[in-house]
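Labels run A, B and C following the written order; every chain starts at residue 1.
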Amino acid sequence: MNRLIREIRHNPLLWLLIFVPAVFAGEAVAPDAHTLLFVLSVLAIVPLAALLSHATESVSAKTGDTVGGLLNSTLGNLTELVIALAALRLGQYTLVKASIAGAIVGNSLFMLGASFLLGGLKYHVQEYNRMAARLQAGLLFLATVALLIPSAVASGEPGVQPVFVQRLSVGLSVLLMAAYALGLVFSLKTHPEFFRSAEHDQAGEEPWPMGLALGALAGVTVAVALVSEVFVESVQQAAEALGMTPAFVGFIVVALVGAAAEMASAFAGARKNRLDLSVGIGLGSAAQIALFVAPVLVLVSYVIGPAPMDLQFWPGAVVMILIATITASLVTTSGRSAWFVGVLVLMVYLIFALTLYMLPPRVS
Amino acid sequence: MNRLIREIRHNPLLWLLIFVPAVFAGEAVAPDAHTLLFVLSVLAIVPLAALLSHATESVSAKTGDTVGGLLNSTLGNLTELVIALAALRLGQYTLVKASIAGAIVGNSLFMLGASFLLGGLKYHVQEYNRMAARLQAGLLFLATVALLIPSAVASGEPGVQPVFVQRLSVGLSVLLMAAYALGLVFSLKTHPEFFRSAEHDQAGEEPWPMGLALGALAGVTVAVALVSEVFVESVQQAAEALGMTPAFVGFIVVALVGAAAEMASAFAGARKNRLDLSVGIGLGSAAQIALFVAPVLVLVSYVIGPAPMDLQFWPGAVVMILIATITASLVTTSGRSAWFVGVLVLMVYLIFALTLYMLPPRVS
Amino acid sequence: MNRLIREIRHNPLLWLLIFVPAVFAGEAVAPDAHTLLFVLSVLAIVPLAALLSHATESVSAKTGDTVGGLLNSTLGNLTELVIALAALRLGQYTLVKASIAGAIVGNSLFMLGASFLLGGLKYHVQEYNRMAARLQAGLLFLATVALLIPSAVASGEPGVQPVFVQRLSVGLSVLLMAAYALGLVFSLKTHPEFFRSAEHDQAGEEPWPMGLALGALAGVTVAVALVSEVFVESVQQAAEALGMTPAFVGFIVVALVGAAAEMASAFAGARKNRLDLSVGIGLGSAAQIALFVAPVLVLVSYVIGPAPMDLQFWPGAVVMILIATITASLVTTSGRSAWFVGVLVLMVYLIFALTLYMLPPRVS
């Protein structure tokens, strides 16, 4: 605990932690000052993400990059899950779906591309173990097929009832969760040797002891979740006040802020020439949201939602998920990266962001 | 001949051959007992497929895996061709197209995925010559483009007359058959060294002499064709009685039963660590149906059908063929396989099967 | 200059240069003889293309294949840019878009496929540096996403106004040009060692001295541009007289003739076992049109056009560009080629050409 406080004192970024109580104070005093609460909550999430990054790296330093990456995405995606559950309870299915699609696209394009670019600006060429990337890309591809097929089969068919889409969504959810579980068996039990890191560069900050690291992981994740809820409640009105479209808010802003913690870890990994960690966090997180978080939300909607949620997404979102999956597959086949690969991936994300930003409000 | 009888006596599976005469007896006695005839014909096809498998392996043991694989798909697809010709004569174009699409998808997903899974459960990692896979995947890609372009170009255009689609289908059929013929020249004449097997494991059942093997190949193929016809006549009503949709029957049931013989060979190859054989049968068969069987049916429809058949497929089927081709390309680029690769490929197939199973009857 | 004349005397192909003045004479005497002017201008472009090929090879012999290829596409695409600017001034946006789409598809399929085939008929297997191909394929993929997303997002949405598409087109144009510029920085400044040729075969015609080569490059390019303008003015009516549809003319004929100069260089490279040059010209040219020529036309249309031009293409053209990009990516991953790879790529192009040739006139 002393160690944690010492670290906070030496790292100016962590001084922003003052905004965590500020968010809750702000919410108690002025619950309708949406733009203020929005800014406060974003400022509070940044240092929490940095702490989470250090805690995760401390655990991963002892367990290997792949397990560390898995841990990281699991805990990072708890945030997304908590946010989505809150929105689900209120029946805001459009926001839930937009944030799921945005999280998949943001993790596989923005996080991956920025990692490649940040790493590539420091190192001429970076190598990483592409086996983990191929596994995650394969799982993502499967999830994309599951999201694509219902609308492809039903398109232009007037005979398709909503009940078909709902029953199919439950079936697809079970298939996706089974594939995800089998993927974990494959990577952790039967073929772990495929997923060893290509290189290790253990330099960097001194890792915390296991106990402190695990405690910080748990506590900080809870704090992120609490702040994120304030963020979600304020984001819609704040965005309107700032002139952003709802599609842009759900797909881009919620997804980026929700993944802030994982991004800090991924970018730190890239700057330390440990792209295995970055790619594992980015694609692993995207795969986990597509094959675990989304199916869980479909199944849980039968219990806590006002009505069942299905897996039928807005066609534009399906196309973006498809393009993101193909992009991630193409750039990770070689296991090598340079700065321009990051530029290409980020440009695809920028095309999406620009399109959603300019989209007239009624569409989506 | 003695040898054939001896083998039948020692292999309990072959005792099912009793169902071959039972099918014909059943058809003569009770031609309207569709569900009974359906069950009998499936039970009769299984041992015939096993015999065919052994005969083909005997030939391929002397001619190399690639030629053996080619032989196998040629003879296996005779079944599909005979079934389709019968349906064509009756003008059942929807069933013909569904079984063509289902055979392409079933061969490139179910057969390939199950081979990878069955082989992977026995061997930790399997290697195979990926050149043959890349050739077949390339041909499949070409066929997918040929099926995709007419609907993409004509979509939402009210000015497109059916006569355009029919003339285009004839032109595309000629192009596809030319590409298929040139592919045979490439793999058998000018660059055969690319298609040698990566490894040979000649253990297993003792091969038959060439004469017996060729005779059994021919005779058993005819028997499969005869039984399959009873199967096709009974399947539609039997399926309704069993609660299956027409889309599911044409795409999944007919395609799987029609490919039973090749599947037995492909799975046996995978269990003997000869994945070259399995991949050659699966993708080779899919390519042959797309670039040879389908074009032949289009051209022959001008002679024997009540009206010309075109190459315009139901959009859902085109999307499934496209996804199957992309999946097959992605998983065969490395030339290595483990059990989870099979799971991923099978999951894509399961998503298709589940969707078609749940689809309301009026759609497709 | 003596050297240039000596070369013309020894090369019968160059005797066709007589058609260059014949085109201008014909235009002055009989400006309405469209079919005659069409034939004359095609005959005049062929020898100019041959001269351009030799001049470019002379420069590239001293600067390396990649820079040579870059130079070649830059100068070759000047033709396309000049043609498109003329059409833009007259407000013929459909022709401009068709020729852009056709040039992307023609360069990445016809030029690449014919190079693979011509080279493969002479050499059993050819190798080339795939890094340049991967960079260009990545840029092409980005451009395809930029052309695909607006229509995917806006499809079936009645709320999308044309003003959204126009503003988005300007934004996308700026993004594409930035990506193109960063790609040049990557390939020429920070990572040039990735783009060295795999092999060099400096045999062939004696290179011209740098001064003559550069002078010929400039002069012949201007002549090509002038003749091409006559060609464009006559092609539409000539095509109608010859029974071709407008879609076929814009997409296939204009694009092929416009790229004649680059094709001569690419095919010569393939026949000399310098596939690096061929692939660099084909994909580099396609990428340059998609990421530089098209965006420039969008921006310039605000100045010289009767109305702004946008980046929304006919859906059939978007599908063809998408398929062309995927095909180019798939065939260039290995860095090896044989004749059948060329056949496959050409077949995809033939499917497009056949479809457009048969398309009823009202569509497109």
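The rule is short, and it goes like this: a residue touches a chain if its C-beta (ideal position, glycine included) is under 8 Å from a C-beta of that chain, and two chains touch if they have at least 3 such contacts.
Just so it is clear, the structure is predicted and the values come from calculations on it, not from any experiment.
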Fitting subunit A to subunit C on CA atoms, where both chains share a sequence, rotation angle to nearest 5 degrees: 120
Given that subunit A and subunit B are copies of one sequence and touch, is their interface built from the same residue numbers on both sides (over half shared) or different ones? different
Could you give the separation in Å between the centres of subunit A and subunit B, each centre being the mean of its C-alpha atoms? 41
Which subunit B residues reach two or more other chains? 333
Which of the residues in subunit A come into contact with subunit B in the complex? 135, 138-139, 141-142, 145-146, 148-150, 152-157, 159-161, 164, 167-168, 171-172, 175, 178-179, 182-183, 186, 190-191, 194, 329, 333
Can you name the residues of subunit C that touch subunit B in the complex? 124-125, 315-316, 319-320, 323, 327, 330-331, 333, 338-341, 343-344, 347-348, 350-352, 354-356, 358-360, 362-363
